[in-house]
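So, here's a batch of structures to check.
What follows is chain A paired twice: with chain B in the first complex and chain C in the second.
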Partner chain A sequence: MDNMGYIKTRKGFTLIEMIIAVALLAVAGTMVVRLFVHAHVCNRLAADIDRSVFYGSAWIEKIKSSPWDWIEGKTSTQEPVVSASGPGSYVVYYDDSWQPIFEDQAQKAAYAMHIDLYRISGDGLWAIELRTFRIKPYPLRQKPYEEIYALSAMVNAIGKVVEP
Partner chain B sequence: MKWLRSNRGSSSILVALALIMLVVFSILAVSTSSANLRLARKHAETVKTYYNLDSEGERFLNDVYNGIRQGKEKASHAIHSISEGELSDAGLSADMIDIIRATLGSLSGSSERQNYLDELYPKLVMYFAMKAVTEAYPECVASMAGDYLNNAHLYSTVPVELNFIVRKTFILEYDNSLRYLSVSIKVSDPERDKEPQDICNILEWRMWQESSEYKNEHDLWEGRPE
Partner chain C sequence: MLCPRWKSIKKNRADTDGVKRRGSVSVETIATLFLLIVLGVGIFSLTVSSTSVYSRIYHGKNLQSELRVALSFVQMKIRQNDLRHAIRVEENPVNGGPSVVIREEFGGEVYETWIYQDDGKLREALVLEGEAPSNELSFEIADVDGFSAVIDKNLLNLSVWMDQEDGRLQMDSSILLRTGR
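This part shows the complex of A and B:
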């Protein structure tokens, strides 16, 4: 009976207190989780931008070194990972760890780098437009095929006449 | 059983502390990742700026190529007009027409005249090319051999080293600092069968940024040099 008396006299939490405490914990926990996810997304995006800049600059320099191979679409001189999507239009797919992958494995791709070349004027000046997309959306973001980075450059490709 | 009272709510305190720590760490993680993202975007913008400036240089180079191409077309037309005796249609200045007419008059025989016209062609290419480039970019053209636009005596039979240099510095303001691209192109020996890119030699394609000044607000030197 003594023990029962102790239990009766011991103060505990009421249902309202418990509900408020659990609600506060849930709100705070959700906030913390969102913050961590946001931090993860920011880190991932930063790494993706860095990679896009690195690979994008490399492709632009490659195009500038032999512009006619790209304008005419000479696939024999290009790397096998480059797939042509139209005249002067190319796509390079990358997997989640930024390893270039072939077009037939494009369903595994996490990133796509679109490279477009178009003539600015009729006298040999060409523009290179490079845009990098993330195919799957980042966590907490609903937008698929989000543009990560865009880069444009110009190149002089004179000496030949081609139809665009 | 009084000791139990002292433990009342201790688990709540632990949970609250854990939660506070989680919030603190998450905020730290967010601030670190945001700084990473800012740095990555800044680097990306720097690369964009680099290619923007580089594109300006490419456009300039293209304009020089176009100037030479125009020069070749106009020179061919001028040579054709001169050979047919219609010097007024050659698109040349009055001084040059006088010099060319006088030179042609002093030459005897068709072979000498043809040799002269063959030697005149590259000079006229330089004249028209220099004129086109000067119109597009005034005060960017210089020539060691002489001013093809004003020195009419160059168009007589005197041998001339055919070249001129086009220089331009492009300036782009980015993030409160100036970035420069200096381009220097030498145009020389415009023979008939050579393409503009074959006679253009890029002497300089240099990109740089103005040096940041270190503001020494704290005088670290406490002593006075003797």
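This part shows the complex of A and C:
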């Protein structure tokens, strides 16, 4: 009975109650922060897809303007940010704000755009395959070198109309 | 028979078990208050840092969006008017910077659309052929600090940029003119 009286008369929270409340708040807060980060990642991914399509289209336009330079690997005529990774294969590195960077600064790169050209037929038709990767994993994701988007196009390298 | 010292301890225990003595504060109350203060400070610092991170992200996205809008607009205009001899790059008479000039014909009259940058904006001015564009006649497309347009053979290279405290934020694009020049 004395204890009941004590409970009825005391005011405020006990330490245990406070700890439980703080723990619940921490769990709820963690979930909210996770949600926020997830929303940020989704937003970032959408922006990255947009950028990879935008810049990818620009590279395809450049390749179409002088296809043989790219097929034969005449790097002197291409932009300095393009590094050749094999015959008809190129890589362009971008930093975190999508600014192109040189190959020697590749350790700072956040994105890599792989450009591959391969012959489809003997009539001068070449395929351009362009794939963009995120080098560092997104927050809350453990997958490094994640593919963001892939673009493909065809180029008529001899500049003549190819009969179907 | 209890000694006076033991009586005093028992009295104190009785005080703490039941009615509190006036002027005393229990350890529990101090710990609770301390925990509340720690929680308050933590939430406050989290709110301040989140706000600053969010505003920085928002500002960056806004800048990127402005550049994206500017380039997309120019690309769209060029795609719409990619006719032979219809697109050229020349110095604009407003500030001498580069501009993309698109020649169009409406009802027998020849008009020119000048796309150029001046006063922190990318602008578009539609004037009669031979007339000079001006800011008063132009529409603002987007906020940009710089604009460059270069035609290399039939490839039109475009760049727009924003000058920031920590460097320049630039966006480039290229358009292959299907009709040549």
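By our rule, the second predicted complex is superposed on the first by the 138 of 164 C-alpha atoms of A that agree within 3 Å, B and C clash if a C-alpha of one lies under 4 Å from a C-alpha of the other, contacts with A are read in each partner's own complex, and residues count from 1 in each chain.
As a working rule, contacts are C-beta pairs under 8 Å (C-beta built on N, C-alpha and C of every residue); 3 or more make two chains touch, one makes a residue touch a chain.
Model, not experiment: these values are computed from the prediction.
Look at A:Val32: by the touch rule set out above, it reaches chain B but stays clear of chain C.
Of the two partners chain B and chain C, more residues of chain A are touched by B. Contact with neither chain B nor chain C is seen for A:Gly122 once the two complexes are overlaid on the shared chain. In the superposition on chain A, contact is made by A:Ser97 with chain C only, not with chain B. Once the two complexes are laid over each other on the shared chain, residue contacts for A:Ile158 go to chain B alone; chain C is not touched.
Of the two partner chains, chain B is the only one touched by A:Tyr149; chain C is not. In the superposition on chain A, A:His40 makes contact with both chain B and chain C.
By the touch criterion defined above, A:Ala58 reaches chain C but does not reach chain B. In the superposition on chain A, contact of A:Asp50 is made with both chain B and chain C.
In the overlay built on the shared chain, the residue A:Thr14 is in contact with chain C alone; chain B does not reach it. Taken together, the two structures place residues 6, 25, 36, 40, 43, 47, 50, 57 of chain A in contact with chain B in one case and with chain C in the other. The part of chain B that touches chain A in the complex is made up of residues 1, 4, 8, 12, 15, 19, 22-23, 26-27, 29-30, 32-34, 36-37, 39-41, 43-44, 47-48, 51, 54-55, 58-59, 61-62, 65-66, 69, 195-197.
Chain contact summary for the complex, chain A toward chain C: residues 2, 6, 12-15, 18-19, 22, 25, 36, 40, 43, 47, 50, 54-55, 57-59, 61-62, 64-66, 97-100. Those residues of chain A that touch chain B in the shared complex are 6, 10-11, 21, 25, 28-29, 31-32, 35-36, 38-43, 45-47, 49-50, 52-53, 56-57, 60, 121, 123-125, 149, 151-156, 158-159.
Per the touch definition, chain C reaches chain A in the complex via residues 17-18, 28-29, 31-32, 35-36, 39, 50, 57, 60-61, 64, 68, 71, 152-155, 169-176.
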